[in-house]
Every structure is written in C-alpha cells, then in structure tokens.
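Chain lettering (A, B, C, D, E and F) follows the sequence in which the chains are written, and residue indices restart at 1 in each chain.
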Amino acid sequence: MVVNADDFFKAAELDKPRDTMASKVGSNVTLINVMKIPGLNTLGISLARIDYAPLGENPPHTHPRATEILTVLEGKLYVGFVTSNPNQLFTKELNKGDVFVFPEGLIHFQFNPDYHKPAVAIAALSSQNPGVITIANAVFGSKPPISDDVLAKAFQVEKGTIDWLQAQFWENNHY
Amino acid sequence: MVVNADDFFKAAELDKPRDTMASKVGSNVTLINVMKIPGLNTLGISLARIDYAPLGENPPHTHPRATEILTVLEGKLYVGFVTSNPNQLFTKELNKGDVFVFPEGLIHFQFNPDYHKPAVAIAALSSQNPGVITIANAVFGSKPPISDDVLAKAFQVEKGTIDWLQAQFWENNHY
Amino acid sequence: MVVNADDFFKAAELDKPRDTMASKVGSNVTLINVMKIPGLNTLGISLARIDYAPLGENPPHTHPRATEILTVLEGKLYVGFVTSNPNQLFTKELNKGDVFVFPEGLIHFQFNPDYHKPAVAIAALSSQNPGVITIANAVFGSKPPISDDVLAKAFQVEKGTIDWLQAQFWENNHY
Amino acid sequence: MVVNADDFFKAAELDKPRDTMASKVGSNVTLINVMKIPGLNTLGISLARIDYAPLGENPPHTHPRATEILTVLEGKLYVGFVTSNPNQLFTKELNKGDVFVFPEGLIHFQFNPDYHKPAVAIAALSSQNPGVITIANAVFGSKPPISDDVLAKAFQVEKGTIDWLQAQFWENNHY
Amino acid sequence: MVVNADDFFKAAELDKPRDTMASKVGSNVTLINVMKIPGLNTLGISLARIDYAPLGENPPHTHPRATEILTVLEGKLYVGFVTSNPNQLFTKELNKGDVFVFPEGLIHFQFNPDYHKPAVAIAALSSQNPGVITIANAVFGSKPPISDDVLAKAFQVEKGTIDWLQAQFWENNHY
Amino acid sequence: MVVNADDFFKAAELDKPRDTMASKVGSNVTLINVMKIPGLNTLGISLARIDYAPLGENPPHTHPRATEILTVLEGKLYVGFVTSNPNQLFTKELNKGDVFVFPEGLIHFQFNPDYHKPAVAIAALSSQNPGVITIANAVFGSKPPISDDVLAKAFQVEKGTIDWLQAQFWENNHY
C-alpha cells in the first residue's frame, strides 16, 4: 500500500455551522476519527466540532476510550462531569477561548445557557476511535431495548415509565 | 520502604455472602483494588465478588478505566452491555461456571432472574483502580445535582420528573 | 465481520471440579483466554479456575505477560512468589475468601496443605494471552531438551542427574 | 489534596488573536498543557491555538512525544511533514475547516501563503506534555551552542556560515 | 531538581573484561539500568555487557519486564529460549556480530561452547528496570527457602535431593 | 505460520567495520530492526552498530519513536542532545565502555574527535521500528523539496542559500 498526503487529510468543513434545530437536544457533533482519516491509525488522537442551538446541549455521555479537551469558539457553555464513586459533580461556565478537560470514561455534558445565541466548540479526544455513549440513548434507546425490569429497578420508577421512555425516539447527535 | 507479603494480600472474606436485602437494587459489590492491596500499584488488575438477591441486579454502570470478565459462582444471571454508537444491546443468560466479558467503558448490567435464589459472581477488572459509574446514581444522584434543564432535555421528560428523581435516595451498591 | 454476544461468552463450566488425581502435581488449571473468547482481543484480561488435590500444588511457574490476582473458593492454600534479584520469598497461608497478588513475570506457586480436602481458586490475569511457563517442565521437559551441559552447570548437579530428570514425563497441568 | 473544577480549567483566551508581527517567523503558538491544567496529568492530550501573520509560518519542528491533529479556523495554510528514512515530503493546502495530521516525532511545518490575511488554527496533541523542538532553533540556537565542527559537516557548509547562523537571535514562537 | 548531562551518563567501563573464573557458572553480567543512570526513568531501555569464561554460561533465567536483544562481541555462543506452553526450545549458534532476540518473560540462556576462549556479548533490554530471575537460584536459593514439599513434587525428586540442592551456594552472576 | 529460531536471528555481521570513508559525514549506521528480525514485532527494541571515521560524525538526528542507549566499543566520542523548549545542550566526552542515553525524540549527535583513529559504538533503541530523521537531510534533502520560502524564513537566510543547500547531495548514513 502506498501512503500519501490524502491519508492524513480530511476536507472536513469543520468551519461550517451544522443544523442544530432539527435535533431534540439542540446540538450536532462532527467527529473526525480514524474512519475518516486512515493515517490516524495507532496515533491516539481525533478532533471534533460541536454546534449548540440556543439552550441546546450535548447531553450526558461518555467516551469509553478517551479523555476530551474542549475550547469554546463562539458563545458560552455550562459544562460538567461526574467523578466515579463517589459521584461528585464538577461544573464550570466557559466563555470564548476557555479550555476544559473531561477525564477518560466519565459522564459529562455541555449546555448552551443563552436564549438567543448559538455556541460552537472544538474538542480533541485522546484516541483515534474514542467512541461515544449518550447515556439516555444507550439506556432507553438501545436495539433491542434493555429489559424494563432491569431499568425500573435501576432508576427507581414504574415499569410503565420505562416503557414510555423506551417508546420515545432517541436520536443520535453525532455524525 | 520495606515491602513484604502483606502488601500483596487481603483477608478479603470474598467467601462470605454479603447483605443484599438492605439494598434497593438488591446487590452488593466487594471490590479488592489498589486501595486495599497496595502491591497492586501499576499492575493493572483487581478482583470483586458480587452478591445478588433474588430478582436483584447490579444496575447499568461503566468502569471508566477497565474491561471486566465475570464468572457465575452460584445461581443464574441475565447480563448485557450496550455498544457505543450505534447503541446495540448484547445479552446472555449465564449459568454457574459460564464466563462473560464487558469491554472497557461500555454500559453493562447483571440481573438475577430467579424469584427465590440468590446469585454470586466473581469479576476481574483490567485496572488496579477501575472506578465505577452507576448510571442512574451519577445522573440523578450526584452532589451537587446536575441542572434539571440539562437532564430534562437529555431524557425527554418534564423538569418535575427530573426533580422527583433527584429527590430519591441513590445508594451505592459498591463497598 | 459481524460481532455478537457469543464473541464475549464461554460456557466454561468453571463451576465443575476438574480431575486432579491423574496429575502428578495434583492440580488442574482451566484458563479462559482470547483463544476461547475472541472478544477479549486487545482487552488485557483473562480468567482461570484452579483445582488442587489434597497435598496438590500448582508448581512454580511464571506468566511472561501478566500479573495474577487469586482468591480461594474452597479449602486452604499456601502460596508464594520469589522477587527478582535478590531472590526473596514472600509467602502467605490463604483461607477461603482471601486474595493474593503475584506480580508480572515472577516465579510463584500455590500448594494445598490439607491431607484430605481439595482446594479451589479463581485467578485473573492482566493479559488476554498471559502465557504460562511451568519452571520444571520448561527446564527439564522442553522439546527438544536443553543441553545437559547447560543444565548441569546451572543446577550444580551431575549431567547424569539432568539426564534422569529429562527422561521423566513432564505433563502440563494447564488445559 | 482536594481536587475541584478549576484543576480541569484554563481561562485560556484561545479566542484572542496573538501578536505575530513581532516574531521573525510570523507566528505565535499558545499551548495549553499539563503545566497550565494540572488535571491533564496522565490523560495524554493537550490543545493549542496558532496565529499566523500574512506569509507567516510555524517553522519546521517536531513534538518528541505527540502526534498533532490540526484544523484551520481562519485563512489558509500550506502544511507538510517529512517521513523518516527515506525523507519523503507530504504536503497539502488547507482551507477553513480542513483537518490534517502530523504523526508523532516527524518534522512538520505550517505556512500562511496569503500576502494580506492572517490565519488561525487549533491543534490538539496526543500528550499532556508534548514538547516542541523548533529545528533551526535547536540546531543553531541551543545554549550552549553545538560545536561548529559538528554542524559544518552535517549541513555541508563552511564553519564561518555556521558561526554566522549561531550568532543570529533564535526566538521561540511558543508561549 | 536541575538535570544535567551526568544524569544520562555512566562511566560504565563496559569495555573491561570482568572476572568470570570466580563464578561457578562462569559468567558475569554488568547491567546499566535506571539505578545507575537516573535519566533512564520512564524511557524503557537498559544495556548490559556479559562476559563468559571458556565453557561458561549465563544460566537459564527470565527478565520479568523486558525483551532482550543480544550481539556477540568476542567468541561464540550457543543460545536458546523456551516458549510458553507448549515448551518448545529454540536454539542458535552465534558467531561474532550475530544478533538474537529473547522475547519478554521467556526462559533463556547463553553458553560459551569453546574450551579455551572467553566470549563477550552486549545485550539491550526493553525496560529501564528489567529485573532478572536466575531460575536455579530463585527456585533453590531463595531467602527463606521454598518448602521442599513444594519443590519435590514440582521437580519429581526426593525431598532429600531438594534439601541437598538448597544447601548449595547459589551465587548471583549479575552485578 | 510456523515460527522457528531463525525468526529471532540475524547473521548481522555487527562485528565487521563498515566503510565510513565514502560517506561525507564519515559514519555508517547498521540497524537491526523488525524488518530484519521479524520476531521483534511488538517487542519494542532494536540494536545498531555505528562506525565513525576519524573526525566522522553521526550528524544531528532524531528517532521519532525511541529512546537510545549507547556504549563505545572503540575510540572516543563527543556526544550531545538538545532538550525541547528551552533548547539546552547536554554533552559528554565518552571513552571506551562509557554509556550515554538520548531520550525519545530529541535531536542528538555523536562525533569522533580523533584525527587518526576510527570509533565504534553499539546502540540500542526502545522500539522495533524506531525510525531515523537526519535533520539536515530531512530539511534540505526531502523528495520533493520543502518550499524555499518556508526554509528561508525558518533558518533566517536568503532563499538563494536554501536553494544552494537543496542542490547538494544529502546521502543517508543509515543502512
């Protein structure tokens, strides 16, 4: 196999605002990983642009194989992560140019608190294939669904509530 | 510092059934990690016993820094994990002596489907400090709580539902 | 290749006592590694059950690519490992439920000191393919044999003693 | 030590254009690494903003402990890296939103080909302490200087040329 | 702490023949590891010189944390290693300038087959602290000794033979 | 694939002096890496012999994926490396048997200061495929050449000087 510069390149259009209005959570993640740039293989890094609608959020999720470092390009973000046992929440309000770190495997989120203005962030991840697990989607929207017995007990609610949740449409905000 | 055999030892009483009835989820995890055996430092492994009440479960959780391999000592378990994007659920019914693997960072659970008999498992984790994030607890029981704006949108429910969930007691089944 | 739950599963029958009487050393190791569960690939962990006859032992051996953590399920074990230069021996008597660690690459053993009762242990290893080198077998039972000149000098015995040792049957207690 | 959200945060002002006119090479790198965010320790990632004057460049350099992934925020960049033995040059013209990868340890550069407009990039690095070795500076501007005998032979020039180069001011474009 | 060139240097006298006649096995290993060069810390490599008397050997041993690559400077060597389960022996006769690899954790040896001439080798190891376990010494010469019950069964000999072996002087050929 | 002893062996003739006179820099590096010994794959080490003519040098270079540890077999060497930002030079004069370490990714060189006698070194590298980037060759001798605009600004010289340098023959001293 002959390698050339295109193996290390993606015309990624990370400069273009993505549509966030069609998304229920009001955000849109464009991840450039090893599936898009084959030259990243074994190199342990990837890059993403995240667009947030006014009051939009990148909902609680984890990256099973990566730490994330993020900077705000436009707007403001309220961000946080929860430590593993015990479950302490660390949060921060970020302005343009601020930087925040979400350690590997921890549940984290970003929320745009502005009623009118969108926000944009660039995030880097310490794996060429970091993976993403959006918590609500993985728990209530997996195919096939997780047993409602298991979820009712875990979330301390009636099985009917779980069934209602599992009947919703759990769309993915990662592209 | 002089090292001796006790640095590699824990009188762990992993043979004793733990109380699972006082737990809302009906399970009890005893983890032997580097905090309990200092000689594990840098060695990348730890060991746990898990007790399950009849119909008890180890609810959906992740280990941010470890893969888990589990075998059933007593009873039966219905186990599963959800892959990262897309969210496919893989499940299996395990009998005594069966072995199952939960890859690093993925959401997984074990459930004892028997109405009358307890179950017991031994699990090993590929880190001396694997961490544990019980999903419902980290999302609804963190200190301080995550903003109900963030959670209402993520879980597609009313803020009142989130507030009710956050008011519950989210106990930890890991000791 | 489509992956499914069976790639992470082994009906391992780790609950069944193995025959230890046919073994000269009186032990029997059942290892569940990546050759038996393909989904373990790159995940860095494996699991084993070890059965010990009365006065049986898992003789001095090393795992070239793994640390081991062990707990006793039934009976008692006298266990130990030898540090690398200088060669200090660390030992411990383990009862049911106790946990002990054998650091990566060090020579270690387990011995059932009871005259009448068998013992059982579960051990986890920090590699999906830890390997095992039973010292006596590798030294005196390799195919082809190591030169008796080399071994006579290493063990400070006559070549005739080495030849006698090499003529024995060095069976493997790992399956 | 009590950890809090500030240990994972830097009010980095990565949104502010940096002065590139005072720099001979016409660029300015602002790196957010573990010295600025202590929570990055062991997490294997860092983030940088790079400003380029018109016709400015981030001159040939290496990161001894990291791969770099870069996206253009403003303007255009002509970028390249040289493979290790044999020394093949891979180059690409990047527009806003494009992404390019510079593999660990390889000599690479970015050049703003525009006569009038500045350029801006965000780059992520696969180490919390990637290091930077600006080739010309390390070779001709080290303290103390490298022997001119060594450099004259390596660069196939007269010692007087080396002496002249070593007498220049080799400023650092990283802050 | 201020670091300087001496932290990366050892006046090791690796050029001087070491005394091999006082050694029962007829060899002498001089290892330059992180205890001798502090700058090696975290860098994953070390270097050794090995002197062999005529008919001398570096007896069967393992490095628990390193692969070894060796070249012969003077004389000839008959070398080998035993694979982990099954125990296959790989051997080679090496002449001056030949190179051989002993994979991590495997039992290996070098023997000088010449009746009159010494041999010399340089070996590199893939750890700043590779460790060494000379098999006969660790098994029969540990402090305190391993139980003769354990060793008699492992080596298929009488306990009296083990006792006799343990009474020998097991000197270390590493300095 | 059946593996045998030859997969771990190279009749490398590392004992033979290499021709250094035909080389402009007066040195010759013979590297035994995974391309020459397939059994080195994943094992993280390689070995090299370096010959130096009187006043010859192994010119400033880096290994993008390895630390190097070197010992002098014959003659004397003046060696050094430059730290990453700031660019401090660490040097040492080495005599026969001395050992020196060049940390991963840093620019380093070896020079034989003797007017009449050759020098010889053995070096080990902490990768089975360490790579080598000879600075002058990679900067001025890449195929295709780096833009002279980029290099003129980086090296603070006229473009004509760069063009002259790029027109030289940049031979590789690694074989």
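Going forward, a residue touches a chain if its C-beta (ideal position, glycine included) is under 8 Å from a C-beta of that chain, and two chains touch if they have at least 3 such contacts.
No experiment lies behind these values; they were computed from the predicted model shown.
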Partner chains shared by subunit E and subunit F (touch criterion as defined above): none
Most widely separated chain from subunit B, with each centre as the mean of CA atoms: F
Distance between chain centroids, defined by C-alpha means - subunit A, subunit B (Å): 23
Chain centre separation (subunit D, subunit E; CA means) in Å: 44
Distance from the mean Cα position of subunit E to that of subunit A, given in whole angstrom: 51
For subunit F, residues that touch 2 or more chains besides their own: 80, 103-104
Contact graph of the chains (line, ring, star, complete, other): ring
Ring path (origin subunit D; first step to subunit F): D, F, E, C, B, A
Footprint of subunit B on subunit C - complex, ascending: 4-6, 8-16, 32, 37, 39-40, 43-47, 49, 67-69, 71-73, 80-81, 90-92, 94-104, 122, 124-126
Sites on subunit C touched by subunit E in the complex: 24-26, 55, 57, 59-60, 62-65, 78, 80, 82, 84-89, 103-107, 109, 111, 131-147, 149-151, 153-157, 165, 168, 170, 172, 174
